[in-house]
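Okay, here's the structure, questions in a sec.
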């Protein structure tokens, strides 16, 4: 039996479960990032007294390396606020924090990029500030930001490999475990590298096609 | 000019009783001693203006004379530094309490009053993420609280008035400049405002596309819409307007019927302005 | 678990412990040496990434489809692979493959693996940045150069590149900041950088709170100021070059 069969093919179920964990953590982290990022952005733009705090949050999330944030959330937070209680939660929290900083800036650029005239047209028709934001500014901003947001998801997906370091059983973790268990790093690691490359390649091209379609439809 | 009052033109509650004559003379827009400064620069230096129901008033003048600013003060996109604006007798942007003290109007009041003023921008400002129909339906549904079905029917009628019924499901990115501007006009009309304000509606259009927009505006004028138009299209202004206002350096230099202001201006600056243009043609 | 000093949600004692910088100060020389390693890796990997980026960008813009395909494959592989995965692979798998190929034992030191992995990964990003910059140079400028007889290489060097670099400088500088952040990963293959030293000290002193928080804070400050400086430079260039 070749090493490939022994290490990779017979443990395919482990790889699948690892992939599933990776997918879960990416989706949860990104959802958290969107919520936190949008909140920070709105506070920074519209709640004047809290602008400095929001900006500090954004700068901290963006300028701290993801690995450092991961260790910090995982080892420091539980002793101070009693959470996260699981490595999985620490994983998505740290990933969400990091991405929320970038997303906040993306949202801000998108919102500020909506032409003033479109806002004036809405106000001229009698729309309130809130109606204007929800129905005119936000949709247009999202169109502009779509590719940046999707790109940030890919960055997050690539960073998610680090959660293996805090023992979250994602795809990378499974590869490392099998590599050390069988003393055969070549096959599992190459296989997993290949999977990551292919998945992210496919995702990035699908996203690019979607962005192009938005561009042609809405100009 | 021939005028036939159509049944589709909405009118506000008449100012005095239900007398036809009174309605005809209702002052829809009134500006009293309007001043507007941007920092140190005073752009409007005391404008007094009355626009009656069904009037078509064109505002002409060189760049920087304050034409757009005047229009934008009327629907409170710009806050006047001094002076007042009244829409059908109701103060715009401020209110007087029982002692006659002036207070700033709430945002809600301003939003509400803007429903009575239609504004057409030079840059169209038609929203790209909605279809033509959705653009027109947006305000009736979300500001006036109309049902979607009712708004849809209204929007289709408006599209017919601007001659774009076949483009109802298109996205603005697919339309020409002239078509987009006509959508903007339909969108403003859908709120059934008392007055339509046009801020250089054709200045951003390629020459071949200007005609269709002017034709639409002429049609509206014939139907009896109250219109205030800031424009550089002198011939159109001459043809379509009841009255011309010539603005220079923030003041009304001359005001009167087109035959007077354009053809036989009394003020010297006015003469200079129109003679320069005549020579270019 | 302490009974006193407990706010209901926040464990106050521990919150205070975070801000205790004495431990950081005690080990400052060790930590500074670690930080130096971050810069060291950054410098060498950055040089590699930029050279690779420029070369592959030129490759991608060649007329021949073979050259272009090689360039495309490089970019797709190294932009889509997670940096951590590449790091591990370069350190643990690549030496084995080369050993098998050359039939003599080859090992990579952690430093070499780190530089190679980060250089390859960021080379991918730099390729796209350079390609964008080169393509933004107006065609007429290039045609004018060829028309007066300049060779391809000279055109590249004297006409295209100066303008291309001007176009991609903001993006390039952001990539470098990103690369510096990525150097924290090298602690995972035992390059003695700042984070590695911090984890060692944590194991010794068993005081993770001030140490990890301190590390986060140091990195944050460092990168914040570097980013701010880059932003200001970019602004000034944008105004000066308009």
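We call the chains A, B and C, going by the order they appear; numbering starts again at 1 in every chain.
What we mean here is this: contacts are C-beta pairs under 8 Å (C-beta built on N, C-alpha and C of every residue); 3 or more make two chains touch, one makes a residue touch a chain.
Just so it is clear, the model here is predicted, and its values are computed rather than measured.
Common partners of chain A and chain C, by the touch rule above, are absent. With every chain reduced to the mean of its CA atoms, the largest distance from chain C is reached by B. A comparison of C-alpha centroids places A closest to the centre of the full protein. Rounded to whole angstrom units, the spacing between the C-alpha centres of chain A and chain C is 19. The mean-CA centres of chain B and chain C are about 57 angstrom from one another, to the nearest whole unit.
Computed centre separation for the pair chain A/chain B is 47 angstrom, with centres defined by C-alpha atoms.
Among the residues of chain A, none is found touching two or more other chains.
Counting partner chains per residue, chain C has no residue touching two or more of them. Within chain B, contacts with two or more other chains are made by no residue at all. On chain B, the positions that touch chain A within their shared complex are 75, 77, 107-108, 111-115, 117-119, 121, 123, 125-129, 138-139, 142-144, 171-173, 184, 187-188, 191.
Within the complex formed with chain A, the chain C residues making contact are 9-11, 14-15, 18, 76-77, 80-86, 88-89, 92-93, 96-97, 181-182, 184-185, 187-188, 195, 199, 202, 208-209, 212-213, 215-216, 219-220, 223-224, 227. Interface residues of chain A facing chain B in the complex, by the touch rule stated above, are 115, 117-118, 120-129, 131, 135-136, 139-140, 143, 216-219.
Against chain C, in their complex, chain A makes its touches with residues 59-60, 62-69, 71-72, 75-76, 79-82, 157-162, 164-165, 172, 176, 179, 185-186, 189-190, 192-193, 196-197, 200-201, 204.
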